[in-house]
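Two complexes come next, and they have one chain in common, subunit A, joined by subunit B in the first and subunit C in the second.
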Partner chain A sequence: MKMITTGRFQTIMVSAIAVTVLVFMLCLAIGPGAPGSRAIAIGFPPSDILQLRLTRVGAAAIAGAALGLAGVLLQGLLRNPLADPFVLGISSGSTVGVMAWIVFGEALSESCSGHPWLEELLANGQAIPALAGAGAATWLVFLLGRRRGGMLDPMTLILSGVVISTIGGALVMLLNNLVPYGARADILDYMFGYISEGTSHTLVWLALLAFLAAWAGALTLGGAMNIASLSDAEAHSLGIKLSSLRFSSFALAALATAASITVAGPIGFVGLISPHVCRGLFGPDHRQLLITSPLSAAIFLMLSDTFVRSTGAWFNGELPVGVITALCGGPFFLYLLTRRRTWM
Partner chain B sequence: MAWRNMQIKSVFWMLGWLCGLTLLGGCARHSSAGHKTGPRVVSTVPAATQILLQIGAAKTIVGVSPWDKPLLPQSMRNLPVVGNYLHLDEELVLQLAPTALLLQESPDRIPGGIVAMARNNGIHIVNVHLTTFHQLYRTTMVLGKISGFEKRAGIKIQALKAQLERLAAGRPQKPPRVVYIIAVNPVRVVGADNFMDEEVTLAGGVNVAQRCGEGFPVITRETLVQLDPQVLLIAAPGQPAVTGPGDPRVASWFTLPIAAAYSRHIDLITWRRAQMLTLQVGSIIKRLRKIIEYSGFDRSVLK
Partner chain C sequence: METMIYNDIPFPGEAAGTVVLAAQGVSFYYGSNRPAVEAVTASFKAGELTMIVGPNGSGKSTLLQLLLGHLVPAAGKITAGSTDITHLRPLARAALISYVPQNPEVSFAYRVHELVAMGAWARQRYLSSSSTTSTRASIDAHVITQVMWDLDIHALADRTYDELSTGERQRVALARAMVQDTPVILLDEPSAALDIWHQLELMERVKYLARHKHKTVLWVTHDLNSAFANADEVLILNEAKVVAHGKPRDVLVPSILEPVYRVKVEVCNNTLLFSLRPRQG
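For the complex of A and B:
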């Protein structure tokens, strides 16, 4: 593996952060034109609208970065180039949580009346149930993915994730039949991911803290992940404790995914492609990937969300952001695949 | 060995139970299907079921969808549930021997199996479309015809048309700007060319979200700020009424820089049938008018 120099590492890191900040500012300056017009307005809006955009672009940046981070961690942990935060059934778990909320939420809200903090949490709608569902799915996959001795087994983890996903899909269909008349549109929109300006600031800050904690933890694992990408025997002989590394990767990926789901729901493709794109551009060193992948994913999601936010008039209403990430990310990923190099 | 025998026994017990339950279910199903003469309607469209009830054709309904159940009168809640537009229990439909089957689907998307079943068993498929008032009149006449209540349907339509004309005549000179949100995450609003748009207009408002697209487009809160509604209505079918600006269900909307927030004119529409186009649309418009004309939290006007 070609190792990077400190100078190059610093250049890449500073450039990536600078580009991310620039894109953030650009996204703040782009928005829909007057209602009914198909034009896109460019320029900083009045402060009240800027406040709304700030919440949304910020949420997109956090969600994207968290997905990019989780993607690198899981692809390293599972040694599988197709791994992303949702291959472990986390997306399916969050959808089950939201469906359960739509079906049973009213009764739950009534039973929580008199507890102001609980009422406020539940008033944030789908975020908390989504998080609970994702957390439950992650915990199940974790329990199932452990071998005797407590070590996580990549193959068992993937298979458990697939099974949990399938069971989650069945539960979604079951709950779908119990959804009250008229609530169906909500779940369809949710399943494609959606970033809202209405997201509570408390949730955005919580997501940011969760992401930063996961990122800080992950940055300490870069060197060990490089060695762990060799065979188990080689990694052991070089002094890497695979069991603790895998547990840490899994826990940090779950935390990052939770941060993303809290503010954006299940958005596909971002966590899958950003590590690959960064590997193609900057090489396979995990110490770099753990910085560049979150930032590139943040850029990608901010731009995708700005596109859907600004082009509602083109499509008879705003598109779910997951549609754009899949439509742009998919072909780009295929293009990279055809130019496949050693980074795959 | 004893453990193994126990396992085998328990498997046989379970199989026995399953067979018994299946037989019981089958008997229950069979007994629900009496073969009567006269019109027999299976409805998978809650709005159409309500229209049948409103024209007095309740006795012709022999099967419904799961979404109909909470909207039916207590005496009809034991009607067989035949499934919904996605998954229709064809076997149960056949047992109910309907003369008409009500669906809500674009014509090219009705499954071929259902079309063939209907053709072979003399069932008339009625594909209901209820997105405008004009379609309501047409559908009501069709439902009247298939249920044998054609004359009653005609009378009801005339009465509704007269009521709507009176409501239109009473529109204010300067109607307020209204946005009607039907789902909050994402923000989906009542756009142009649908019955809820017509309802807002007749209730004395101007649906400013018409400009955002047809049907029920998704908009951003930024667009909502640009629309600057004077009245903001939020659908919350079946939920308790709003308690005030601090109610967590509306609190975040009061933080937006819009006229409706400044004048405290944000309200939840909690009636279950508010998003359904039936012959009761006149009374829904009257209730909407009261909310649009008065302050959102002055609940006394609704009594």
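For the complex of A and C:
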């Protein structure tokens, strides 16, 4: 299938990679000014601080890229331009996991003492319960979203996701009333997504590996995803095995979302908006979207996180990065909708 | 060109008259006890245009999707040559059978030339070992351009799908199937939204493909006069069953059509004339 010329494709890819690397370097060089000052400092800091920044900017890049990838996969799978990694209830599942951890975690930690590997796992804080919750919600939506014959059905998947999200929301409120008052602010931060310098290096590496595995798998699906944009019968007649394609897209999107949640919590809007922007700029060909969307999402999240990291003095402490992605992403998305409706 | 492209699938360029696709006692149910297709046995030959007719809900589109392999029969089987089509690999099946739906759907804003090029995807994948990439790419570029001229959509090449009229969308789906260039072509009311010039043009093109390229073409239609004038074979379905299957002049006759369509039928100057029966009581 010849969709965009090879030369143009290569130019787009090389430019996207170059801009991502440049933004990564830029974000490493930007940070808060002296304590007490509202200024933003530009320039590479001493190596100990640079090390911390590297972790955080790296985590933002991985989380963003993973969300951008999951967004393309899910919008393609659901044939719905409004799908994102959290429409399937994954966000709400991870929040339930974290809430449950805050309520029951201490008792669990005590019961696990004496098992070193379990203690090590639990020492990584919210990542494990967040992943468990996201995994449970994903699995439930997957089971509910299958039609007779075992094939995932886009409409059933979306409806199942909405129902699981609603149930998750109710569980969060239920657990919230069991949480001590002091811990409730942490939950609010978590629900908007938060990236920290203190993220364990093990988690960052795990997230990177999970994202790279999902990305490598997804890159083989681009041509088939284009064909699957047609009706089921047409896609079938063109040699697509829809059941396998949908299962692969779903599994890879879940893996990418898990990678993102591990280091950044549930960040909204990034996975929704980056496929849109790339579709608008370069067209709907999934073979290039699967490359440009993760890279542009990584750029967006790195810049957003650098903003919140550098402006703590402006807001009585750092904002959760999800606040910025929603405040920038929302209006931009609306602007795109009004400017050119055919992007859908 | 066909020989080169289809040199390793079950029936490469079969001689006219060879049975290429056959349904044997095929039944299908959409969840209820009432069958959508019941015990259908029929065979379709290379070089023949078979038009499938029948009232609304008689099972025409369902039969087409069963023959495509998209729906799996609850009983019976569909064979291509001697192979059960459910046993064919998806890409091998796509190299054999193309399909144009009643209402083509596209989820994102692809351009017309991208949608037509999708027809070459399966063939490119299927052929990946039999010719060099550059040869295939040039064949496909040539075929795509030619088909877009043939179906009068070359001027629409850079339009996005949502900018097209229903008839133009139907022609894009037809162009994709032509690029797919398969021995079997399944068409579900392909000319329902076309103006008369494009209808006649399409019919001539399809008859040419059947008679000169030995394609097996199945065309679902409500236009009984078109079937009467153009089809080599007509298959009449009613209430999920085959009522008749044969030459147009043998099966499109008042004694068969009147009970199926509940109308009065007369043949006048090689044209079927229909009128409502007077209401009883």
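Everything below uses one rule, namely that the second predicted complex is superposed on the first by the 340 of 344 C-alpha atoms of A that agree within 3 Å, B and C clash if a C-alpha of one lies under 4 Å from a C-alpha of the other, contacts with A are read in each partner's own complex, and residues count from 1 in each chain.
Just so we're on the same page, a contact is a pair of C-beta atoms (placed from the backbone, for glycine too) under 8 Å apart; a residue touches a chain by one contact, two chains touch by 3 or more.
Quick caveat: nothing in here was measured; it's all calculated off a predicted structure.
In the superposition on chain A, contact of A:Met13 is made with neither subunit B nor subunit C.
Judged by the touch definition given at the top, the superposed model places A:Gly223 against subunit C, while subunit B stays out of reach.
Of the two partner chains placed around the shared chain by superposition, subunit B is the only one that A:Arg309 touches, whereas subunit C remains out of contact.
In the superposition on chain A, A:Gly317 contacts subunit B only, with no contact to subunit C.
In the superposed model, A:Ile240 lies in contact with subunit C only, and not with subunit B.
Annotation for subunit A, partner touching more residues between subunit B and subunit C: B. When the two complexes are overlaid on their common chain A, residue A:Gly283 makes contact with subunit C while staying clear of subunit B.
Within the superposed three-chain model, A:Asp232 lies in touch with subunit C and out of touch with subunit B [touch as defined at top].
In the superposition on chain A, A:Gly36 contacts subunit B only, with no contact to subunit C. In the superposition on chain A, no subunit A position is in contact with subunit B in one complex as well as with subunit C in the other. Put simply, subunit C touches subunit A in their complex at residues 31, 65, 68-70, 72, 90-91, 93-95, 97-99, 101, 103-111, 114, 117-122, 124-126, 137, 140-141, 144, 160, 162-163, 173, 176-177, 180, 186.
Contacts from subunit A toward subunit C in the complex involve residues 1-3, 79-81, 148-149, 223, 226-227, 229-234, 236-241, 279, 283-285, 342-344.
Across the interface of their complex, subunit A is touched by residues 46, 66-67, 70-71, 84, 182-188, 191, 208-209, 211-223, 225-227, 235, 237-239, 248-249, 251-252, 257, 275 of subunit B. In the complex of the two chains, the subunit A residues touching subunit B come out as 31-32, 34-36, 45, 48-49, 52-53, 56, 106, 119-120, 122-123, 125-126, 177-178, 180-182, 185-186, 189-190, 194, 196-198, 200, 309, 312-313, 316-320.
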